[in-house]
Structure formats: C-alpha cells, structure tokens
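Each in structure tokens, the structures are laid out below.
Look for chain A in each of the two complexes below; its partner is chain B in the first and chain C in the second.
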Partner chain A sequence: MAAHRIARAQPLPFGVGRITPGWSMIVAILLAGVLVGAFAYALQYTEGEVVTGMRDIGTMGGAPWGLYIAFVVYFVGVSFAGIAVAAIVRVLDLERLRPVARMGELLAVISLVLGALSILADVGQPLRAIVNLLRYARPQSPFFGTFTLVISGYLFASLVYLFLEGRRDAAILARTPGRLQWLHRLWASGYRDTPAERERHERASYWLALAILPLLVTAHSTLGFVFGLQAGRGGWFSTLQAPGFVVLAGVSGLGNLIVLAAILRWALRAKQVLDDTVFRWLANFLLALTIVYLYFLLVDWLTSTYAAPAADARLAAVVYTGEYAPVFWTSVAALVAAAALLFGQFARRRYSLALVVVAAVLVNVAAVGKRVVLVLPSQTHGALLPYVPGTYEPTLVEYGVLLGIFSLGALLLTLFMKVFPILEVGGHHAEVGS
Partner chain B sequence: MRQTVVAACLLLGAALAASGFTFAAPVGAPTSSIFSEPRVEFAPGLFILGVVFAFLSAVAYELIPDGERPPDG
Partner chain C sequence: MTRYGMVIDLDRCTGCRACMVACKVENNTPVANLWMYVFRFEEGTYPDVRVNFMPRPCMHCDNAPCVKVCPVGARFKRADGLVATDYERCIGCRYCEVACPYGVNFFNWKEPAKSQYLDGKDATVASVTGGAVPPYDNPDLDAPYGTERRRIAGGGQLKGVVEKCTFCVQRVEAGRLPACVTSCPVQALVFGDLDDPKSAASQRLESKRSFRLLEELGTRPRVHYVGGRPPTAESRQIEAVRAKV
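== the complex of A and B ==
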C-alpha cells in the first residue's frame, strides 16, 4: 500500500501528465488557430476556390497551385530530416544524436500529416480526390510516387518506427500508476526489456531504418519529379529538381529539428540531455547541406542565364530580376547568412546555441521562399503559348487555412508531450525496472 | 509462429505492392484510351496496402513473442 502511494506520488519524466497554466494557455492559443483554419476552410469548401487567389493558367491569368502546394513541399521536406536523423542514428549508431531521435520521428509524422492536409486544402473536393486517387493513380505520373510513397508508405513507416522505438519508454512509464498508465501499457504492448527483446528490437529497428532511408530519397525525388519532369512549362524541367528537393528537405527539416530541440531544452530544462554536443552535430550537418544547396542554386543560376531556351530564359529574368526577385534574393540571402553563421562557428570550433537557432530559422525562411519561387513563377510566367503573364495573390482564406494547419501541427506536438516523453527516458542502456 | 507471420506479412506486402503496381500501369503500346486508366480499379490502393503490410512485418516481428520452450529437465 505504502509502495503504491509512493509510486502514485512519483511524477512522470519531462512533464508528462502535468498540466500547467502555461501549457493550457499555449493549447488555448493553438486551438484558436485551428478554429480560424477550420472556419477559413469551411468558407472555401462552401463558396468554392473562388475565395482563394488561385485561378487557371493561361486564359484566367493565374496559378492553380498556390501557397498550399508550396507548403505541401515545405512540410514534406521538414518530415525528411526528422525521420532521416532518427534512421541514421540507428544505422550508424550515432549516440550523440540519440536525444533528438524521437523528436525527429514525431516531427516526421506531424509534418506528413500537415502535408497531406495541405493537399486536401488545395483540391476542391477532398473526398473525391482521395477516392479517385486510389482508383486511377498511374505509376507513369510522379504524383503516384508522391501520394503512395510519401503520404501513405512513408507516413506509415514513420508511425511504425515511432511506435517501436517508444515501446521501451512506454514500459518504463507503465510502472507508474496514474491516468496515463493504460496508454503506456498499450504502447508498451507487453515489452519487458529482456535481453532477447532488446536484441530483437535492435534488429528490427536497424532493418526498418535501412528500409526507410532509400524510401525517403525515392519519395522526395518523386516530389521533385512532379516539377522536374514537366517540359511544357518554363523553369521546371531540370535534372536538379529531384536532388535539390532532397537536399532542401534536409536543410529545412534540420532547421526545424534544431529550433524544436532548443525550445524543448529550455521548456523541459533538459540541458543535460540536449547538451551542446547535440546542437554542434546538428549545426554541422545543417552547414554541409546548406553549402550543397547553395552550390545547386549557383549551378541553376548559371545554367538558366547562360543560353537557356526562350521560356526558361524569360522565367529566369522574372525570378532573378523581375516580380519574384525579392522573394528569391531574400531566400538566397537567408541561406548565405545561415551558412556564414554556421561556418564561422565551425571554423572557430566554438558554438553558440543562439546563433545556431538563428541559422536554423533563417534556413526555414529560405526554404519557404524557395518553395514559393519554385511553385509560382512557372505557372504565372512560364507558359509556352502566347498568354499574357498571370498573377497570384493569396487571400485571407488561404492564410487562414495555413494558420490552422500550422496550429494543428503545434497542437499535436504539444499534446503528445503531455502523454508521452518526447525525449528518451531511460537512456540507451538503462533497465526498464530501474 | 512469429517467423511465419513476419514472412507472411512481408510476402503479402510484396505481392500486393507488385500486383497493384502492375495492374495500375497500362502495359503495351498506348493505342486507345483504355491505356489511360489502371487495368483494375483501385490498383493504386492495392499498392499502398502492400507497402503498409510490408512495414507491418516489423511490428509483427517485435510484438509476437518467441515460441515457449519447455523447461529443461
């Protein structure tokens, strides 16, 4: 009886199950954001997409893919680094990055859900789109890969990975009586941390991670091919699209992971777990990928301004010196500034968490801008037929829906943290019973 | 038991994914509009189901316990 009382008094780690006023206020704000999004989407659904800034290409002088599609690419990109880091930690046994592994898995799952919601927001009749996709999708189209591999296969694989990696911590938490015990028992699903179970988990996770890594590259490449295989529109047809998507996905995802890890380090007072070494590793990875992406940008700029076909040259002028130049050069400046910040720290071998976070935010600003510049100009200015240039101006409805989607993502993350530890509880070698 | 279920999951997943892909892809020279649609309705759904089953094998591998061995002696 006494032992039972002691166990009941024992708090769960990392604030799990503890509802604080600050947390409640954050949830209330995020719920308000979700409601705004739901209202905006209801308006779009009932009135039709005429309430958005999206219009047909050509005769209507618009762009049918607007901010929603730009953010589909962004969200799917963010998911890349999350699960990639988790998988690499397992395959290469990178103990240094282990504290961010679960964060990465969760970030991947939530980002993919948000990406799927952005697609549903873009299509006028979501239910019809889902059913017809399952009925008629053709493997010849890169959309097939995007929807089957990215949205379903990769999301399911990430969920499986998150579930299996969390079983051990769930078993540890299930020993503490409380309101969440049933959930932790369910998640642990009989895990007892015997040597045989550990060995089996190590083996399963290793092979799962090995299967996920090529799936990631394939999935992101198919998303790149959605644009990169379209020769009928200036600016999209390029061999660099697929690798560019993979690399920028890594950049934006790592940036998000760094920001999230920094927030959690402060909020959960987890300086010991998320120590400076973790951020140093993430910063170095981010620096490497940012430099590779800057190289891609340079190559793309040289190619498209040297002797490109007429439509591509026209589009390059619109992007580099015309209507989209402010967004493009802001993105480039943000990437260069982030690379300079990270390289300065790498060269001096002295890292400042604040500067790493600033760089992480900058690469995300760049990633959003670059997605916008990728999606829009080819529609408004890339026609091969003699149409006048189109325009696209997002409306409040689109901003409202996106606010709702972002708020939902943050809300899912915030709720998850109260039912399950977002950082590993026992450490790699700790005992479940201890 | 565990090995059987895992193998069945993997094989079923691979078979569903392969058949879904094949049924969704029109094979041959595109001579009519029939080549624009999957040969079997919901073939892309079969492909997705196959991928799901393949990854479920990892869950089966971890969750299904080893067969109980009788104690020695």
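== the complex of A and C ==
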C-alpha cells in the first residue's frame, strides 16, 4: 500500500522548491546579519580578542570568559529539546509529538553547529582548536564533553538520526521530477520503502534513539561539569550544576521548539498537522521542566546563603543583591511568570497558543540571563585571593559575532525548508502495521 | 631526584617589586601580563594599620587545576616540578585561567609585538636599538626544553594563547636561578630543589613556620611562604590594580 503512495507523483509539499518574495526577503535580512557577524569576527581575528570586553582574571580585573561561553551553553542547551523530543517520540512511541520530531532534529543539529561556532569564536587559536581538540583530546578535561564529545559525537549522532528519519520522505519526494530531485534521491539513497526495509529502518532508528538519550544527558552534564568541578573560584563548585544544566537545557530547548513550531504553523498554514494537541504536550513538558528548575534555584539559594563558605556567600550576595541582581531576578521572574502561565492553562485544561508561545519566549529570556549569571560572577567576583573585583562589559564586536551566529542558524533553517519538507509528508507511523 | 620549588620569605620582602620588573625583562611578557606580581596589603583601621607584602608567582602546583582542565594537554606537569605551557599546542580557550585560583594565567589579547612597553618603530627607540623589535628579544626563549623537548619558555610568543610564569625554565635548565630570585635585593625569594634537604630553599623552609596559599583547595603548591601570614578577608590592596592591555 505504501509503495503505491510513493509511486503516485505529488507536487512537493510545504512550499518546498517554491521561492516566494517573503522568503527571499527573510533570506536577505539573515544574510545581512551573517555578514555583520563575519565582519565583526574578521576584526577580532586580525586584531586579537583585545576588541572584546574580556580580560584576564586577577591583576587585569576582567573575565576571560564572556558572552561567547554563555551562548555556547545556551546553544548546546537548545539542542536538548530537539533531539529529546525526536528520540522520545521514537522510544516511547509518542504519536502526538511526531509532527515536531523533524524540526526538533533539525533544531538540534543547527544549534549544535552554532554552539561549535561560538566556541571557535571564543578561543584565541580557532584553526589550531579544530585540529588539536581532536588530535590531543583529553577526556580528563570537562571541556572534552563540550567540544570533542558534543560536537563530534552528539552532532554526528543527530545528523545520522535526521538522515535516517528523513529517508522515507526523501524517497517519496524523489518521485517528483524537478530541480531538487537529485537531492531527494541522494537523501533516500536507495530506500524504496519495502516492508523489509521499513522494518530494518524502524529498528535502526529505535536503537539509535535509545543510544542518543544517554548521550544527551552525558553531553549536557559535562557542560555543567565545566563549571561544577571548579573549586578554585567561589560559586561554581556544586553537584547541582550538572543536573541543573540538563534541566535548563530542556527548558530553553522546548521553548525554542514551541516558538519554531508556532512560526511554522503560521507560515506553512499547517494548522492540521501542528494541531493544538502538539502544543498542549509541549506546554506540559515545558511546565514540568520549569518547575523542576525553579526547585533547583530554591535549593541553590538556600545552600548558598544559609551557612555557605565565605567565598560562596560573598558571591551569592553579588548575584542576589549586588551587581548581577537585575539579570538574576529578571530571569527568575521570567521563569516564574512562564510557569504561572503554563500552570494556569494546565489547571483549566484550556490552552491558548499565544500564551504558550509567550511562556516559551519568557523561558528563553530566562535561560540566556541565567547563563550569563552562571558564567560571569564567579570570574569577576569569585577570586579567593584579595584581587580587586573584576568587570566585564561586552563590546559591539561580541554582539556582532553573536548576531552573525544567530542569523546563520535562522538562515540554515530557512534554506532547509525550501529543499526538504520540515514536516513529515509520509504519514509514517499509521502505515507501519499495515 | 630534583624537584624544584620556591620559598618566599615574607619577613624580608619590602614590596619593591624589582622581581616584577626582572620577570618582564627576562621573559619579554606583553603589557599588563604580570607573571610575577607583588601584593601590597593593608589591614586594620587608622591608627592601627599594618602593611605587608606578598609576591605571587605561579604556584607550580603538584595537583594543578590548570593541568587537569586543559583540553589539549598544552599545560603539563614536568617531572622536575615545573608546570609548563606548550604555546605551540595551546588553543587559547582560557580554561586554565578560569580554573586557577591564584590568577596567574595571562592570555595574549593582541599581537605581542604590538603589546610591548617600547615601540620599536619609534624613531628615538630605533636609533638606540638599531631597529631590532622587540629590542630585548632573547633567543633562549625560543628553544625547546625538558625531556619533552617542547617550546615552553618566555612570554609574548603568539597572539591568542595563554602564558604564565615558567620559573624561568630557560635559566634553570642552564643551571641559573630564575630572574626574580637573582634580582631580589634582600634574598626574600629562594629557589631550589625541595627534595634535597641541604638546598638553600629547603634550609630556608625549615628555618621558620611556613604556609602555602589556599592550601585548603588541595592544589599542593610548590611555592612555600615563610614568615608573615596568609592574606585574610580583611586584607585590602593598597592600590587597586587593573592593568590595561
């Protein structure tokens, strides 16, 4: 039966291959953003990182890690939801979330690429980094988890997963003659959707999903270890860092996925596919993770204020009532507001797409703010020797590079949508049993 | 076997900072990179005020956090106790800097040649130096050292890498003392083999009560302080240093 469906030629779905003026305009804007980023980075590359706001700890009174690292954490965090949702759909057979599975996978792949670019933007010797991080990789360094493992392992697994999950749709699309046929043929790579092939495919995807889930927890935990294993500064050394990173990654990732799904629902007029059930599931998922994270914040607050060692207590004061208080409390307020919005809808069993999206945006604001508060204060105010407190003020170059990285991500997403359907076309799961 | 260490006599230090200058001249470090730094503290309130000084080189820890976190093994511990940075392998991620509790790591934020105290292109300077830039370039800094034969000596080698105090490996391997030690006018700094109980450093260490900085972190520094006391939460720096690149 399925073979028949494939045999029938259809026009390419979801606007694939059709260039519209609106789409071209978006691409132009994003390209401009990428160019700004490239220019800013070129400046940094030739002049050195003196053009950023970062400086050495100690006698230079600065922070050697700044916005770049905060956004490495953010981007890698976003990848969480993507691949988590996709894998959970597969492992738990969660039919309702299937429509967002592919955009989840894509989000994961793209945000991991952006995370890698942010690392390269941060290091002083980017070309060397690409080689040395693999050639001389030391698993004893928590940074191994961030770059070597996440980028080469996690990204690779996600790419394979995206490829496998897309093969059937590619086979369907490859039946339609056109300029993109070669690409769809390449992606399908010989896949013909015979029952035996399908069976094998299902099994491969299932095991890969099962393998990705622990890799996911490991990857986000190691990112937490980058900070949580460091006792040399006040504020970082904590067992809660690793689980906190995993949960906040989920929060920001789901937030991103909700926003993306809402935009696609509107842009592709896909109300039927991305129906309210999808958003209800995502909203509840997000609510659960947000509550867990708020609980972590509470535990952290109590631990760092009740009878903490002097250095940690000093740092807690800087975060809760001092220099970083505005960023910290804005983030907390955004999280609480998002949780309240989501809980209200959950309790009344009535969901409004607009409110879910508002909550999703709020948690992302909080996620960025929380990462800044995590990365910076321990560097500027966490010294255990009596150095003067440091300062850090990001420069236009840093904002420019980050704008470029964000634009590149959005551009990749926009381009992908025109060469491959971002929503499933095959009606995959319903036919597996037949 | 020889395992180097430094003993710093706080009773002797006068806070003259000659060691800081000697370090910069010997190692050619860029502007604002203070491999050796002398804290000048005051404690108490007027009229009951105490002033004391504390030189701070790299601690060359036996359990160094910077060595642990380096993702590429550019920062490594040598058998003779030195903690060295291979500037040919460093990728400039600055993790060592973040992990170190002593604040002894310095990143080259710009091209070192553009970050020297003397502008070699300046006409007056050029007339004296004959156009050699930097005028005090030391060829010993570019050689490979140790059994590993890795390039670890000197500062200002490359933009975008981290460098720090090397205990003047280029001098120590030639049988001389680190620059800061030789320049100290009151012999407050003593360098030598701490495994040899007869070495000057060991003798000085035995002579008085000693402590190591932030010993509670378990970093096991190879720099010991004798006399004086470690800084406390009440210690204020007399001048708030914020060096500019």
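Everything that follows uses one rule, which is that the second predicted complex is superposed on the first by the 417 of 434 C-alpha atoms of A that agree within 3 Å, B and C clash if a C-alpha of one lies under 4 Å from a C-alpha of the other, contacts with A are read in each partner's own complex, and residues count from 1 in each chain.
Note that a residue touches a chain if its C-beta (ideal position, glycine included) is under 8 Å from a C-beta of that chain, and two chains touch if they have at least 3 such contacts.
The structure presented is a predicted model; accordingly, all values stated were derived computationally and were not measured.
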Ask   = Looking at chain A, which partner touches more of its residues: chain C or chain B?
value = C
Message = Tell me the contact category for A:G190 with respect to chain B and chain C: first, second, both or neither.
response = first
Query = Between chain B (first) and chain C (second), which does A:V123 come into contact with in this model arrangement: first, second, both, or neither?
reply = second
Task = Using the superposition on chain A described above, determine whether A:E47 touches chain B (first), chain C (second), both, or neither.
result = second
Ask   = Can A:G153 be said to touch chain B (first), chain C (second), both, or neither?
value = first
Key: First, second, both or neither for A:W207, with chain B first and chain C second   = first
Inquiry  = Between chain B and chain C, whom does A:A137 touch in the aligned arrangement: first, second, both, or neither?
reply    = both
Ask   = Which parts of chain A are in contact with chain B and also with chain C?
value = 133, 135-138, 140, 144, 147-148
Key: Of all residues in chain B, those that touch chain A in their complex   = 21, 24-26, 36-38, 41-42, 44-45, 47-48, 51-52, 55-56, 58-59, 61-63, 65-66
Key: chain B-touching residues of chain A, taken from the complex the two chains share   = 133-140, 144, 147-149, 152-153, 156-157, 160, 163-164, 167, 189-190, 196-197, 200-201, 203-204, 207-208, 211
Task = In the complex, go through chain A and note every residue touching chain C.
result = 47-50, 54-61, 64-65, 119, 122-126, 128-129, 132-133, 135-138, 140-144, 147-148, 226, 230-233, 310, 379, 383-388
Inquiry  = Quick check: in the complex, which residue numbers of chain C touch chain A?
reply    = 32-34, 37, 39, 41, 56, 65, 68-74, 89-95, 97-111, 158-162, 213-214, 217-219, 231, 233, 235-237, 240-245
